[in-house]
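The letters A, B, C and D name the chains in turn, as written, and every chain counts its residues from 1.
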Amino acid sequence: MSKLYLCAIALLATLSINGYCEDAPAAEKRFGQGGGRPSEAQIAEWRAKREAREGQAATADAPSPAGSGAHGDMSAMSGMTGMAGMPGMKDEGSLRSGRSGGKPSMKGMPEGAARSGGRPSGMGMRSGGALWLSDTPPMRGDGARGGRSGMAGMDMSGGGWGKPAVKRLWLRAGNDPQRSGFAQEDADAQVETLLVTPDGKPEGEPLPSASDDRKGLSFEMPVQGFYRLYLTSRKLQGDILNVNVAKAEVANFGHGGDVEEAARGLQATRYSESAPLEIVRERKPDERKFFQLKSGEDQVFIVLKKGLPLQGARVRMVSYQGWSKEEVSDEQGRVSFQIVRDYFPPWNEFEKRFKATYLLIAEANAAETGKYQDKPYTSVRYQASLSGNYYPSPTDYLSYAWALGVGMAILLFCGVAVYLYRRRRVKPYQEERFHEGK
Amino acid sequence: MKASSPRLQALRDAVNHVHFNRFRFWFQLAAFVLFVYGGYLAIDLGSRLPFFACGYNQEGRAGVCYLLPLQHQLSLPWARLFSYAGIAVLTGFLIFALWFIFLNKGWCGFICPLGTIQDWLTSLRRRLGIRYSTYSHGQFAQLTKVKYLLLALMILIPLGIGGGLFSHSMSPPFCLICPARMILPMFTGDFSQFTIDFSSSAAMVMTALGISITALFLVGSFVKKRFFCFFCPMSALHYLISKPALLKLKKDGSKCTRCGDCYNVCDMEIKEIADDIKNTNIMTDDCTMCLKCVASCPETGALKATFAGIPIFESTEAGFIKRMGKGVQHGK
Amino acid sequence: MENDAKVIPIQAAPYNLSRQAGEAENMLDHIVDDFPDNPQSMAYFYDLFRRVYCHGDEVKHEGMLVGTTCIQAPEELIYAFGATPMRLCNGSYHYDQKGADFMPAKSCSLVKATLGMLNSETVIPKIGKPDLIVNPTTCDQKKKASVMIEGMGHSVYELEFPNVKESEASRVYWQRSVRQFAARLRELTGKKLTRKNLQAAMAKTSRAQAAFRKLHNFRRKSPSLILGKDAFLVTNAYFFDDIERWTDAVEKLNAELELRDEAGFKAVQSKAPRVLFTGSPPIFPNLKLPLLIEEAGGVVVTDETCSANRMLYDMTAVDEWLVNDMVDSLADKYLKPCTCPIFTRNDDRRRRLLDLVRDFNADGVVYQAFAGCQVYEMEYRSVADEFNKAGIPMLYIETDYSTDDKGQLSTRIEAFLESLKNRKKHRA
Amino acid sequence: MKYFAGIDVGSTAIKVAVVDEEGKLAGVHVAPSGSLFHKNSLEALNNLLGKLSLQREDVRYLIATGYGRKLFKEADDSISEITANAIGAFEAGKAHGGVRTIINIGGQDSKAIQIDNNGHVVNFAMNDKCAAGTGRFLDVAARNLDLDLEDLGDCHFQGSGAPLTINSTCTVFAESEIIGLLAKGHGKAEIIAGIHYSIASRTVRLAKRVGIEDRVYFDGGPALNKGLVAALQDELGRELVVPEHPQTTTAFGAAMLARSEFMDEQSLEKV
């Protein structure tokens, strides 16, 4: 079956669902009662689990349980940058560039500064900027990436008739979705890649080395569901252990196909208990197979550490155009962002299937001690990244008012025309009319 | 009279004397509920249905109208369409044809939700005591070609899209102007199709056309019985492959008095049903196989619906008298 | 100079002693007495005709009286306006002779008789003076009769009827005519046409039609349960009888025929040739031809004439019971299935005849054309060709209301029936 | 020996024919009808029986036909003269290679009959209640010309000029036309030929209504008139079969039918 057709359907499907709501709060109203958030019972369960684990690992200076109030070394990110939303956005990309991997920086960001356009230089694991997985390679010069991408990032090169689709991801470094280059290899870092397939082990398996291109990570997707790729790199810098987890989540659903398989895929767990730190995009209660995030919507992410919610993690979201905002995860590990609308092309160039990439970086420090490659460390700096795509909101280009206006106008016009025609018609042979009274 | 067992004859009589309009109303209602709300009961009959079970009705649909996947398939890039994807197009068409062959155009007259809505609008008008409109002979002859034009466009435009000649935002062209896209999702509380898409000029034109046609549809089917069916490209597509269909509308010309009763009740104003005494297969391209003509024919055996050659509903004098005897007080 | 000449005063002889009554009585006696086993329920009709035609009893009616000269006048509309339709077509030789004053000698007896009847002081059937006479513009002779009827002091409405029935234009034209007719009736009666009235009127006629159709279906049985002369008498009574009473009587007759059928009763010998009667309508007392056929041992099993089958057979279907729709449907019913020879082409009549022959298992056809009824005379050729092709024997008889050709006709009819019998024997 | 009789009670003459068991004609008799149909019919029958020295009982089956057939109550059955004529002509025509079309001109009517190969009537036509073109026409003409009816045939061939045209088809008007022609000094023979052609053309028109096939059998009283036969043949352009006793074909047919009816009944009784 043609993927194009699938995707177009997916688009239409999401349009028709999301298009209902004029704005996000309305969606909240309508769907809010669903199972979006973890229930009280679930939170209690998580706590119990965490406490049990802490009991076992008494030696480690574990971070304090979420919600305990005492933060230990975990520094809560406060001093938020400006409101995610319209103009008051910070430009962080340029400020960050050049810094070494992941030292949180949260001060001195000028409010309302326009994007400087400075391109981050010297990217890579060494040179700073987060490490993240993207389904689009860095653009080369022309800058016209994004744009129409009916494939929604699906690499069609391998997906022939009857063959499973092949997904190719690129490891990129940088804090700007548009401008991050390929990640440089770092001899010091120890990299481990795990692929979690919908029907595989929950901890995942090493990625089969399918690609000769070091920048591209390819894998086949034979079954429906969410494929997750974890790329974990560890590196000791002084007495600080840097743990970077770049994660990509790829949805693979088809039209037709096995319905049960798709349902299973939709319901399967989407986090890994072995991941040192990871960001999970919280599913909305009404999500279906071909979900698309639209700008203007609120999206909740959950920060998990080894499968458990982590409070106090600093989470930064960077939009396609580089606008960013930072939040700190709450006791359930949740952070919520409104997906900012940053796509303002000239009217006639507007493309409703414009695919934009957002980048999410979570950071947390923990005063954990241990040994890495026989060298001791006293604290661990965790960093997790997740990228995803979002699209223009239907409200940006769909108008109810116009439709209603045009519709009513035509309705009235036709109605009146028919009425007058029938009223005034002195058609030969029909002059004699009868009353329909009883 | 054919020799058949008395029990079978009694059954036939019971069928032939049925209060047809009442039966059809309930049948249509049931079909409407099934295909507009069946999705909530996890009913899914696939996406090759030969009638307007609109795919835009995400929640409730119990299947998808074939025109939607057909247009999508045809708008594939040519390189794929004319290679392996062509097989998918063919198998899709085959499944559609299999569905179709089963009921012929009976899908239109009994199942199609959009047709049912038109019938409801008609009965609303009737209750208001407003007379229906008819086309003149000349208008009929002209307008009856429109559905073939739409069918041709419905195939050519997606091909053009696949070939890069037209914008993708025109896809699927017919669905964008089909009133079912707006009206059917409405029944599940989804008004999202009542919008104009300003994302591109093509999309804007198509959606504006869509809303205009929906408005026209509402006015049209209020004053004209089965207004839209007259222009429906699905109907044209049906007719092209109707030869091997199992359900058939048959006419015995020698029994016909050409009284025009059938023409009088015909929603589609098909004159042939009354005037044509040569063809035994009387279904025309405009026909929706609502079988109202059979129910209103006073000549026993002149009109009948057969399924695989077996008569299932036949015009009878007694049935006619029962159905048309409105207000007749039978003497003791 | 003798001056004993006497002035003889006008003496009105009692009606039952008149030639006219004699003609009717003679025919009725033949119908009743020459045949054994008349159905008992026919007594109503025998009695009706005896009262109306032989005794000259008055025919009662409700509301205004609207006379019609053709089956094309929509009687449902007349009923709906609270008036009573009365078909004026007459079959009396007496009136035929009187009407000859108005029409050329070589014109249709039926039209002449109708004119003669309308011109006489005492109209039989005694219906009084119609408030309006509807004269559809069908055949030339009827068309030209309008002015003459008007000259007799009647008020005439010419209901325009098209000559082509296939075209859509004529259909629309006729619907317009019917609408205008309704307007004229509204003017006449001062009443309004409402859904309820029209529906009630249509219910009346459709009940009558249902009863007729049932009778019609009984005549399919072979050997016959009822003779054609009785069936003609029944449909003739529809011209002037109260429609409800008529329907009741026909339903009673149907019940009796049902009993006859169950008892295996035969009204004629099984060998009796079955005849389809077509052409100019037999109207009492001119039942000469059907009677001759049945006296000679044949049986008229069905007919295609405007005094019986064509008048009552075709029923109206309505999609939406709104006045406009009902009126148009009615108009269609009076035009589309009509097989009157006044239409330019008349394939439907030939098909109808063939269908009737097949359906009623008729052995032969008798085609009556009134001398001077050009349209029937002209259509004879095409009908004969059609039957010839189908191998169905047909006897064409040109005659009028006079009885002086009875001897010759009986020879021809007998010879025809003998040849039918022979064919039947041959086939068996 | 069993005998069977047919009696044709016509408007001008009563014809009786008797056949034997083999269907051979035993004898015929012709008598004028007069006004007392019944009495004259009985007399005619008895006369013939006397001639053939038969008893009434020898005649096992008697069928009446003709205009007055209903009045002759002694008959076992009655049949229309058209059927009887067809049977008679068919039987008589067998000797001449079979006939399919019969033209009969009687005293008051003329008929054309078409029969099939078995002698069954397929189609027939009769003149419409008018004596034009019938025997009565010849009668009237002979009276006007002061000739005997029997002499008309011979006169036909004695003319020196072409036959005159008689325009009037009506017997009454033709009468005055003939007188007019005489007054103008036309010869009797030409007038007679004209009359014959007038009748012949009328008859042929009648015959054409039923369709003319093969040989044409011509019977009835006027078939004795050779002039009329010649005129008819000329108009038809076909061979004519004229029997020896053209008046009695119908009676012969009735007698033949009586025979076959009797045989049928016998065979039924046996079964």
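Details
One rule holds for everything that comes next: contacts are C-beta pairs under 8 Å (C-beta built on N, C-alpha and C of every residue); 3 or more make two chains touch, one makes a residue touch a chain.
All values derive from a computational prediction rather than experimental measurement.
Chain pairs C-D and A-B differ in how many C-beta pairs they share in contact, with the greater number at A-B.
For the pair chain C and chain D, the distance between C-alpha centroids works out to 39 Å. Remark: chain A and chain D have CA centroids separated by 116 Å (rounded to whole angstrom). Rounded to whole angstrom units, the spacing between the C-alpha centres of chain A and chain B is 44. If each chain is reduced to the centroid of its CA atoms, chain B and chain D end up 72 Å from each other.
Contact of a single residue of chain C with at least two other chains is seen at positions 322, 324. The set of chain A residues that touch two or more partner chains comprises 436-437. By the definition of touch given earlier, these chain pairs are in contact: A-B, A-C, B-C, C-D. Chain A makes touch with chain C in their complex at residues 428-438. Against chain C, in their complex, chain D makes its touches with residues 67, 79-83, 109, 118, 120-124, 126, 128-129.
Per the touch definition, chain C reaches chain A in the complex via residues 172-173, 175-176, 179-180, 182-183, 192-196, 322-324, 327.
The residues of chain A lying in touch with chain B in their complex are 1-2, 4-5, 8-9, 12-13, 15-20, 148, 150, 160-161, 255, 259, 347-348, 350-352, 392, 394, 396-400, 402-404, 406-411, 414-415, 418, 422, 436-437. Those residues of chain B that touch chain A in the shared complex are 44, 47, 55-56, 58, 69, 72-73, 75-77, 80, 84-85, 88, 129-131, 133, 168-169, 171, 185, 190-201, 203, 207-208, 211-212, 214-216, 218-220, 223.
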